[in-house]
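What follows is subunit A paired twice: with subunit B in the first complex and subunit C in the second.
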Partner chain A sequence: MSADQTADQNTAARSRDAGDAGIGPTPVAPSARQHDRGRTGGITFTGWMMSPGVALLGLLSLIPLVMLIMMSFSRVRLLGGLQLEFVGLDNWIRAFSDVELWKSWVLTIGFFVSTLGVELVLGIAIAVVLNRLTRGRGLLLPLILLPMFVAPSIVGLLGRYMLDPTFGLYANLLQGLGFEQDVLGNPVSAFVAVTLMDVWEWTPLIALITLAGLSGVNPSVLEAASIDGADEWKKFWNIVLPSIKPILLVAILIRSMDAVRYFDIISVTTNGGPADATKIIPVRLYEAAFRFFDLGYAAVIGIMMLALTIMIARLFVGLLSEKETH
Partner chain B sequence: MSTHTIATPRRRSTRGRGPGGIVAAAFLILALAWTVVPLVWMLLGSFKGPGDVTASTPQWFFEPTWRNYENLFSGANNLATYLNHSVIAAVGAAVIATVLGTLGGYGLARTAFKGKKGLSFWFISTRMAPIAAVVLPLFLVFRFAGLIDTLPGLILAYLTFNLPFAIWIMSAFFEAIPPSLEESAEVAGCTRWQTFWYVALPLTKAGIVTTAVLCLVFAWNDYAFATVISGPNSQTLPIAATQLVTQTGVDWGQLTAIGTIVVLPMTLVGLAVRKWLVTGLTLGAVTGE
Partner chain C sequence: MRTRTPALTRRQMLRAGGLSLAALGGLTACGATNATAPVPGLAPGADPWRRFAGTTINFISENTAPTAAIAANLQPFKDLTGINVNIVTLALPALVQRVALDLAGGQSQYDVVYADPYQVLAPYAAGLSDLREFAADDSYPPLEGGFEDFIPTQLQAAGMFGDSDAIHALPYDCPTMIWQYRKDIFEKHHDSMRTDLGFDPTPSAERTWEEYFRIAKWINDNVDEVPYGTGHQAKQHDSLMCDFSNVLWSYGGDYFADGAAVGLRGSEDPGECLLTSPESVAAAEFYRRLVSIAHPGSLGWDWDGVGNALAAGEIAMAPNWHEFAATNEEALPGLVGYAPLPRGPVGTANHYGGTGIGISAMSSGARRGAAWLFVNWATSTATQLSNLRSSAGGGTPTRQSVYAMPEVQAATTRPTEMPNMLTEEAVSIAWAEGKIGLRPKIPMWNECDTALFTELSRMLAGQKTAREAMEDATSRIDGIVARGWVA
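Let's look at the complex of A and B:
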């Protein structure tokens, strides 16, 4: 019987207690009350409660969805009134045979992996260190969380200000270290820069989620491991990490859905350049739609993105309901 | 409370400090600097005169001035207009989403029907739908409906992500209160609406506030929708900020001032609900301390 198995059982037992850290209650819980009294003309009370929101959301999500699908099979004309001219699979064939588009997908995946990788390592490290603090945590945590509330477009503009080759604070620092080029003007450093801007903004979220997970790690197991002579690293790797794994999975899924939405920072810094080095999928969609007004083609990209989101959302919901049944 | 129980044995085991403690402290200081320096630099920049804000050797000490803020709120291109647009669009979208989300979330939490899973899935995938994929058809629909460059159009656009978010997260908050309380209220003769209003609602006050704050932050910080849908009559602060850049020569003093105006209120309201932040931002998948 290994230590991490014990830890697993302990967290499982603890997360059943309401208010403790762990996978919490979700809307797909089977615990919903079966009785639904107060029927009024066939529609239940809960039905009435949901109807305004569902009706509005229906309008706001189904009309655009139908429109998006129609657009993907059409040539869209905006001049002289809106016109959709059916062109069959034209846009789809163009999209699937466009090498540039596939490069953008690869870039998007590369961007996602590098941002999330750095965010996970840094976020977990910050959470572990903060969790050890006995004093000053209440003061430090809010400071660490600040970037999450900053509008991404402002993050991008601030990044430009910090990296400006003539007066930027960070550019100045980098020049001192021997990096003389314009950071946002060079393909590699521009990619690194926009990655780090996302890292700056969202590492706090990973730290916050990990911190919630760490409060669910059973201290007596850690103590027992110390008595057995395990060092800090071993304890982290064998006890702490396995027990926060489910929570980290949630964090990864949330961030991966956000990664497909990512647009603001790149739009205001590099706008895809230099030499397409940062032209991830959403940036390409905006360019196709609102610069070249190739709206049908952009719609195909939109549907691809939507399909990916739905796949990740499935995993997310699956993860939640799996936790419920445990 | 659970954090204290962990802290005690951990503290004992690291009493000796040693190299591990020093590394941890150094890391924390670096992480803090990495996090805070850009924001401090922005705040300082907004109080710098034209010479200091773009001085080739960065200036930490300078003669502070209100000039940038004064310039922003005077003259023909007054920022107050954009500030108004931002407030109306963000507050409007947050209030509508929170009200409908509270009703809908309660309905979703307290019901059990066959399509519930599908409905939940629809909410979450709508919330997570890429803005680029939504704004594209919305642009055409809004053109047709005359909603381009209007504040109601902007509010509707923000509701595409705020409304599913509010319904989903409020449902998670309602799920967290034991149904037994409501059951006994009903036994005592309350109608279902009274049970909701007098029993369930007060118990989720914190959840409602968190939902409203997060909806406000999401809408206020939007750039991707506004850059397509807004125009001279509905331009919001983030758009106004980026427009300062595209004009020839950037006034970084004004830009850092706008940045401060955009960032400051959201950090204040965001930190006010930080206890429930983790629940809100993980869509109810993780509950905090």
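Let's look at the complex of A and C:
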């Protein structure tokens, strides 16, 4: 390939990228121009069909997003009507230098990893067991799924009563085992307790999704592996797990989004305590916005959360696309 | 067939963006409307109580005993005035959010507001009407006994802010922390306790916090009727600050210089935080020691938790709000006694947590006038007396004339139909000048409070020493105060 040909191809590629990004006219190779005309030349029929939805989305999402960004650079006054007082980067500098906020981020990541990890392992295990059951599955499945249908704040209240040191069932059991402290009054046990409450509620969702995935595993492949002498663990690790990986990624994606904005259970049990041991980012965001009415600072935390959510979503969507390509 | 339509150009995009920003500006400006309609005048010869008959107003309140009593007995007000009152009761944090957003909206969805002095009055005083305007207007029924009938410290603490003479709220309730104890246990073990401890253990303002600690420990070790001697509201919550403040003040510590004035009248600039003083650190160290021998549930309890624990026989004594007397009397009839809190090196301090009710400055027209009639009625002598008798909650009167009534005086001893009055002797000492404990009334208190109770919680969890906790709380509070407040 000559140097001129390579240069032409690079120019065409650049112009395609520029066209995608909506940047003004750039000389393009004829073939590339023809190829892109449908996309960049105007709003297509499909585009017009989508426009009411996009406009509604814009109204519901973009305006609040722009407002959020504006608030993050402002001091917000409420009395007598909302007023934004421009303060430049003050809120951002404060957020990046706030040690307490970073502690909450570390805690959030710890919570994210532990809930997701435990839910994934337990969910897959439950699904595998259910998949093998030939009798009683119809009875067992609804029972296992039951926690999923309870509102998170009710799960928190149940947890709080179960762990009450005066009359709580679990607290009494733990006291019998020698754990005399108040479970929700000790930083470590409180963190474990709120994590387990989330695990109790949402493991069934992972189990349900995994169960759907397991029903799609080709039995003849498993049979062939058995004939070849593969044990159960090898079959699970080398055949079942790769087969259900895409659906597991979807389950993880759904749970990740939820885990990042976990709030209800903590709000009704520990409210971030003791010693800030359960003050994950959503709790801190709520506190800044609706307890201190420090809306500019809360906007910064909100944007940080949004960025994290997008990163997680892109990571899993990327993994899914990679899988589909392979 | 393909339809060709022009693409969105950069100019169009910019125009759309401009329109969005203009829409945002419009939305922002919408909230700034605060034009108020005038209150309709009183027709000659008309009954001033019925001038707003047919009007409906909204009252937002914390879910407290007096509001429960009023909600259960609203008919007399409707009969008197013809005004309908919708009462919204919420937990305090939710109430503060609603009120702030209502004031921001400028539409005054809530005409009458439960104005917590620290979370509503101090930050949003400008959003509340000056009630002197109504009291001075002859077209309204007179305020019975005038402002002077309200307990003076309570009128200032719950109704006023800063140097202004404006009265933004009338005292509506007055929960105050006192020593609540199981009389039966103290009577049964009195002699053994006295012999072992070397002092009379009977709860009174003469006992010290150190003696309280020793009594609690003695009960832990020697009494079978209850598992623990004392319990505390030491959850990471506002309650932890309330509980700790009693000890702090009695040890001579304070949040800011001139703490009494900052507590009574409030300030937007209270100065530097004083929690690193030796007295404050000593108080924190004692509090840590006290909670370490308390019921383990203390670390997860707020005031309701402590109230339930005392009623359930889990603890023999606790500092708690005096309005829990009604619940105590129901659960343990005749078994709970009340006394002012113990004293520290400089005296006793009893945390006052009273609140007033005020009128939104945005309320207008007939609703504004109707709101004043309701505030007047809800804080009147007759209503406060009726609340005391109510089975729905039981009030805590804020008028001196109510306490002077013979039937109320008679109710201070058992048997009584007004259980909250059993605390009268203790609270009358607690409200005396120099003995009432008032937390700082500053607009940014909510955030300072959170900083303090978080550091205290870390101290109680063993993550920090008393000194470290006080130093870190001071540093955080100074930062919050330096940032100032915009409402």
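Here, the second predicted complex is superposed on the first by the 254 of 326 C-alpha atoms of A that agree within 3 Å, B and C clash if a C-alpha of one lies under 4 Å from a C-alpha of the other, contacts with A are read in each partner's own complex, and residues count from 1 in each chain.
Going forward, a residue touches a chain if its C-beta (ideal position, glycine included) is under 8 Å from a C-beta of that chain, and two chains touch if they have at least 3 such contacts.
Bear in mind that the values here come from a model prediction, so they are computed numbers and not experimental data.
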item	value
Partner chain(s) touched by A:Leu78 [first = subunit B, second = subunit C, both, neither]	both
First (subunit B), second (subunit C), both or neither touched by A:Ala298	first
First, second, both or neither for A:Glu119, with subunit B first and subunit C second	neither
Touched partner set for A:Val129, first subunit B, second subunit C, both or neither	first
If touched residues of subunit A are counted for subunit B and for subunit C, the larger one	B
Touched partner set for A:Asp198, first subunit B, second subunit C, both or neither	neither
Contacts of A:Phe290 with subunit B and subunit C, given as first, second, both or neither	both
Partner chain(s) touched by A:Met49 [first = subunit B, second = subunit C, both, neither]	first
First, second, both or neither for A:Leu57, with subunit B first and subunit C second	first
On subunit A, the residue positions that both subunit B and subunit C contact, one per complex	22, 24, 38, 44-45, 48, 63, 67, 76, 78, 82, 164, 166-167, 290
Parts of subunit B lying in touch with subunit A, wherever the complex brings them together	2-3, 5-11, 13-14, 20, 24, 27-28, 31-32, 34-39, 41-42, 45, 53-58, 100-101, 103-112, 116-117, 119-126, 128-134, 136-141, 143-144, 156, 159-160, 163-164, 166-168, 171-172, 175-176, 178-179, 183, 186, 191-193, 196, 217, 220-224, 227-228, 238, 241-242, 245, 252, 255-256, 259, 262-263, 266-267, 270-271, 274, 277-279, 281-289
Complex contacts: residues of subunit A adjacent to subunit C	22, 24, 38, 40-45, 48, 62-63, 66-67, 70, 75-85, 164-167, 180-187, 270-277, 287, 290-294
Subunit C residues within the subunit A interface of the complex	2-8, 10, 13, 20-21, 23-24, 28-34, 93, 96-97, 100-101, 103-106, 123-124, 126-127, 234-237, 295-300, 308-309, 312, 314, 444, 446-447, 450, 454, 457-458, 460-461, 463, 486-487
Partner subunit B, residues of subunit A touching it in the complex	18-34, 36-38, 44-50, 52-54, 56-57, 60-61, 63-65, 67-68, 71, 76, 78, 82, 122, 125-126, 129-132, 134, 140-154, 157-162, 164, 166-167, 169, 172, 200, 204-205, 208-209, 211-217, 219-220, 222-223, 226, 232, 247, 250-251, 254, 257, 260-261, 263-264, 267-268, 281-282, 285-286, 289-290, 295, 298-299, 301-303, 305-306, 309-310, 312-314, 316-317, 319-321
